[in-house]
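As written, the chains take the letters A, B, C and D, and residue 1 is the first residue of each chain.
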Amino acid sequence: MRMVIGNGLSFEKRSPRVTIWNEYIHERTDPQIAKVYPKGIHIALAEGLQPYGFLLRTATLEMLEHGLTKETLEQTDVLIWWGHLAHEQVSDEIVNRIQARVLQGMGLIVLHSGHRSRIFQRLMGTTCDLKWREDARRERLWVVDPAHPITAGIGQYIEVEPEEMYGEFFDIPAPERLVFISWFHGGEVFRSGCEYQRGLGKIFYFRPGHEAYPTYYNKDVLRVIANAVRYVGAPHGATPTYGEVKPLEV
Amino acid sequence: MRMVIGNGLSFEKRSPRVTIWNEYIHERTDPQIAKVYPKGIHIALAEGLQPYGFLLRTATLEMLEHGLTKETLEQTDVLIWWGHLAHEQVSDEIVNRIQARVLQGMGLIVLHSGHRSRIFQRLMGTTCDLKWREDARRERLWVVDPAHPITAGIGQYIEVEPEEMYGEFFDIPAPERLVFISWFHGGEVFRSGCEYQRGLGKIFYFRPGHEAYPTYYNKDVLRVIANAVRYVGAPHGATPTYGEVKPLEV
Amino acid sequence: MRMVIGNGLSFEKRSPRVTIWNEYIHERTDPQIAKVYPKGIHIALAEGLQPYGFLLRTATLEMLEHGLTKETLEQTDVLIWWGHLAHEQVSDEIVNRIQARVLQGMGLIVLHSGHRSRIFQRLMGTTCDLKWREDARRERLWVVDPAHPITAGIGQYIEVEPEEMYGEFFDIPAPERLVFISWFHGGEVFRSGCEYQRGLGKIFYFRPGHEAYPTYYNKDVLRVIANAVRYVGAPHGATPTYGEVKPLEV
Amino acid sequence: MRMVIGNGLSFEKRSPRVTIWNEYIHERTDPQIAKVYPKGIHIALAEGLQPYGFLLRTATLEMLEHGLTKETLEQTDVLIWWGHLAHEQVSDEIVNRIQARVLQGMGLIVLHSGHRSRIFQRLMGTTCDLKWREDARRERLWVVDPAHPITAGIGQYIEVEPEEMYGEFFDIPAPERLVFISWFHGGEVFRSGCEYQRGLGKIFYFRPGHEAYPTYYNKDVLRVIANAVRYVGAPHGATPTYGEVKPLEV
C-alpha cells in the first residue's frame, strides 16, 4: 500500500514479511508436547499472528539451510526465533548470514529458550545464561516502559500460567530499553522484554514460551509479539558506507 | 483514517495534531531577522511542514496563556518549541501544564535556542548550557544512529550553512538515543539530535535554527522535523496508575 | 590521605564528607516509629555508616535553612535524603541550591519515600509516582548489574523483612544503570536501585527504608548505602565552561 | 595494600595487573614505523604507563598462544589491545579465552585499529566498521561526559596531531557511556571514547593511536589510558550463578 500525503511526499507502508523459525524437535519427539503444539510452535505462532495481517512463512532446523536461504532472508523483514535443544546444530554459515541481515536492518525477535541460541549470543557478545525452574506456576510480566509501542493494547501487566521460571542474573548487556520485568511465584524476577539495536537491525527478546505450556495461544503474548513485529520491522534511515574517504573540507 | 486488518483487529492511524510555538520577538523587532522570517519562525515552520499532512496550528508568547490553553494542549499530539530572548516570561502555570501533558504522552520537539527554555530545563533537570559563536559558518550534522526513524530519507549527514556554532560540553543528561553529532568549522562538535522519554512522552532536541539564518527553509532540516513529529507523536501503551493497591497474590 | 604513585604522579584520596538529611517528623510524632528510630532515621544511618570511615554530619527540616547552608553543601561530597510527610515544606531556595551542587558534582543518594521529594522530582523531570502497600512483608532485591561497585560485598540478592511494597509503574526516566530489581510477596516488582547522572553529579535512588520498620539496621542495606557513598562521591573530570567562545580553527 | 577502615571493615586495594597486547608487525617490517616505535607499540605503552604504578607485562601475536595463556589471563585485571594487520591470525581459542575472562570481570581497553579485532567484534556483535583517511592532520577529542573518571586530569578536550581520521558511521552498539567525540579537520566526527559492559567486565574503546604517528607518547593520551586502566580494572560485585534452582518462596 502506498500512501500519498499532501503534494507528492509519500512513503511506502507495507505489511512486514515475517519468517518464523522453530527448531521443531520437542513437538515431534515428546507426546506431551505434541499435545500442546500438534503442528509445532512455528505453526501455532503463524496462526496466532495471522489476524495481524503480516506476510508469514515458517522455517525449521531440518530444512535445507535450516530454511533460511539467502533469498528467504533477503525477503524477510522480521525473523522470529524459537530453539532449545539443538542450538549447536545451527551451522556457522547460517548464523553468519542471519547476523549480516540483522546488521543490514532485518528485525529479530528471540523467544524464550532462544536466549541460548547461537545467533542471540553472537549479537549480544555474552553467554545469555540465567537461572530456571520448570514448575508450571504463574508468571506476571509488568510493563516498566508504558510508552513503548510494544506495549500497545496491554494493560499494566500480563499474566501467563503455567510457565517456566527464568531468574536473574541474566547475562546480557544492559538492555537499551527494558520493557517488561517478570515476577515469579518462587521469589525471582527477570528482565523479560529487552530491546537492542545492532547495526540497522532492532532485536527484541521476549521471555514467555516454554514448550510444555500453551503460552503461544495467550492473546496478550501474541499481541506483544505482533507489536514487536511492527516495531522491529519498521523502516529506518540510510545504509551506512565505510572505508577510505576524501576530506569534505580543505 | 481507521485501518482494518484481518478479522477485526484494527488500529486507528490519524495525522498527528501539531502545535508550533514561537516566542516571536526577534522577527518583529529586528529588521534583519524580519527579512529572513517575515511572518515569523512559526509560520515558516508551518509552511515547511504542511506537505507532510499534519494538522498544524501555531501559538506565540504574547497570546493569552501563551496560546497554550488546556484545551489546545489536550488536542496537541506534538508541541514544537522555539524560544530565545524571553524564556523567563513563560509562566510557571504554562510550564507546569506542558510538563504534565508530556508526562501523559504528548511529544515535544525542542529546537535550537529552546535548549535554555524553562520546559526543557524542567524535563532534563539540568542547566542545558553550552558554548556558542554566531559566525555564520557551516554545520554538518552526522547521522550516528542510521536505524533511527528520525533519519529516514536523510543521507550520511546534513549540511546547513550559514549557522551558529553550539559546542560541548552540553549540560544535558546523556541522551537515551543520540541521533546526530554536529561538526563545526571552528573545531567544535555537538550532540545535536537527542532523544529522551519522560513519563509517556517522547522528547527530541534538534540543534539547527538560528533566527538570523534561513535554516527552516532547508529541506533536510524540515524532513528531520517532520520525521520527529511522526516519531514523538506515535501512539503508545496504557496510561499507568499509581497509589495504594491490594496484593495480587496471597 | 595523599597517595604518591611512581615518580611524582599522585592523586588525593580522602574520606567522602557525607551529610545525612532527614525530615525527622515521624520519629517525633508517632510513638510506634519512635520505638524503631528513637534518635531519628538520620542518627540511625549515621551510626550504621560510621564504621566505613566517612566524615558524617546530619541535618533536618526544622533547622535553619533545613540545615543545608551554602557552606554545608560546599563541604558535602554526598548528600543522603530521607523525607516523606513534608516534601512541600522544603523551600525553593534550598531545592535550587541542592540542584546546583549536584550539577557541580555533589553525589546524591535518595532513599525510599524520598522518591517524591522536590529535589528528586527536579532532577528527574517526572512525577516519580508509584504504587504502594504497607503490608510488612518481605522484599527481595535482586542484583541485575553484578559488575556495579554498589553491589560489592552483596550476594545475588538482599532480603529485607518486614518492608513496605512499592510497585511499577515507577514514573522515572529509564535508569542509566539499573542495579537492583525488587520482588514483593503480593505479586509486584520494582526498579529499586537506579543510577543517574545530572551535570557532574551522580544520583542513586535506593528503595528500602519505610519508617515503621528497622530497615536501616540491616547490614546489607547499610553496605549498599556505604558502597553508594563511595561511588557517587568519587572524584571526576574537569568543570565545564559555557558561553561565547572564539574558534579553535581558522 | 590492604586498607583497614574503622572497626574491622576493610577492602583490599592493589595495583591493577595490566597485560599490553600488540600484534607487533608494523614496527618490525616498516622502517618508517620502526623509527616511531623502535621497541614496538607495546613497549612504548608500557613505558608510558609505568609512572602510574600498575603491574605491567606485554604479549605479542607471535608468542606461544599469542602470549595469552590461561595463567596469564587469570593474572590479568586489564588487557590492553592493539592490532591492525593480522586480526584474522588471532586464533579461535584465544578469542574464546579472552571473551570468557572479560565476562568473568577482566577489563579490556581496545585501542585505535583494534576496532576490527576479533575480540572487539565478538563482544560487540557488530562489524565495528568505519570510514578512515590517513592524512596526518589534527584530531581534537572533546569530553562529553566530564563526570566520567576516565577524564580525570583532562581539560575540555585533547588534541593529537598528526593523526589518522576515523569517521562515522561507526558500526558499534550505542555506547553505554560516550566519553569523547572527535573532531577532524576534513569535516568528520567520531565517537572516540566508548564504554561498554559485558558480563562482569568493563570495556573501553579509545580511538587515537595510528602506528605511523607518535600518539602513544602524548601525555594526555597516556593519562586517559591510565585512567581507563583504573576504571575498567576496579573491583565489582559477586560472581553470578546460573542453572536450575529451587524456589525461595513456597
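As a working rule, a residue touches a chain if its C-beta (ideal position, glycine included) is under 8 Å from a C-beta of that chain, and two chains touch if they have at least 3 such contacts.
Note that the structure is predicted; figures quoted are calculated from it, not measured.
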**Item:** Required minimum of steps from chain B to chain D, each step between chains that touch
**Value:** 1
**Asked** Counting shared numbers against all numbers at the contact of chain C and chain D, is it over half, same, or under half, different?
**Response** same
**Where chain A and chain C are represented by their mean Cα positions, the distance between them in whole Å** = 37
**Asked** Which integer distance in Å separates the CA centroid of chain A from that of chain B?
**Response** 32
**Asked** Do you know which chain D residues sit against two or more other chains?
**Response** 140, 143, 145-146, 156, 167, 169, 174, 185, 187-188, 197, 199, 240-241, 248-249
**Asked** For chain C, which residues are in contact with chain B within the complex?
**Response** 99, 103, 122-127, 129-133, 135, 165, 167, 169, 171, 173-174, 176, 185-188, 196-199, 240-249
**Message:** Quick check: in the complex, which residue numbers of chain C touch chain A?
**Reply:** 140, 142-146, 156, 167-170, 174, 177-178, 181-184, 187-189, 191
**Asked** Tell me, which parts of chain A touch chain B in their complex?
**Response** 5-9, 11, 50-53, 105, 140, 143, 145-156, 185, 197, 199-202, 234-241, 248-249
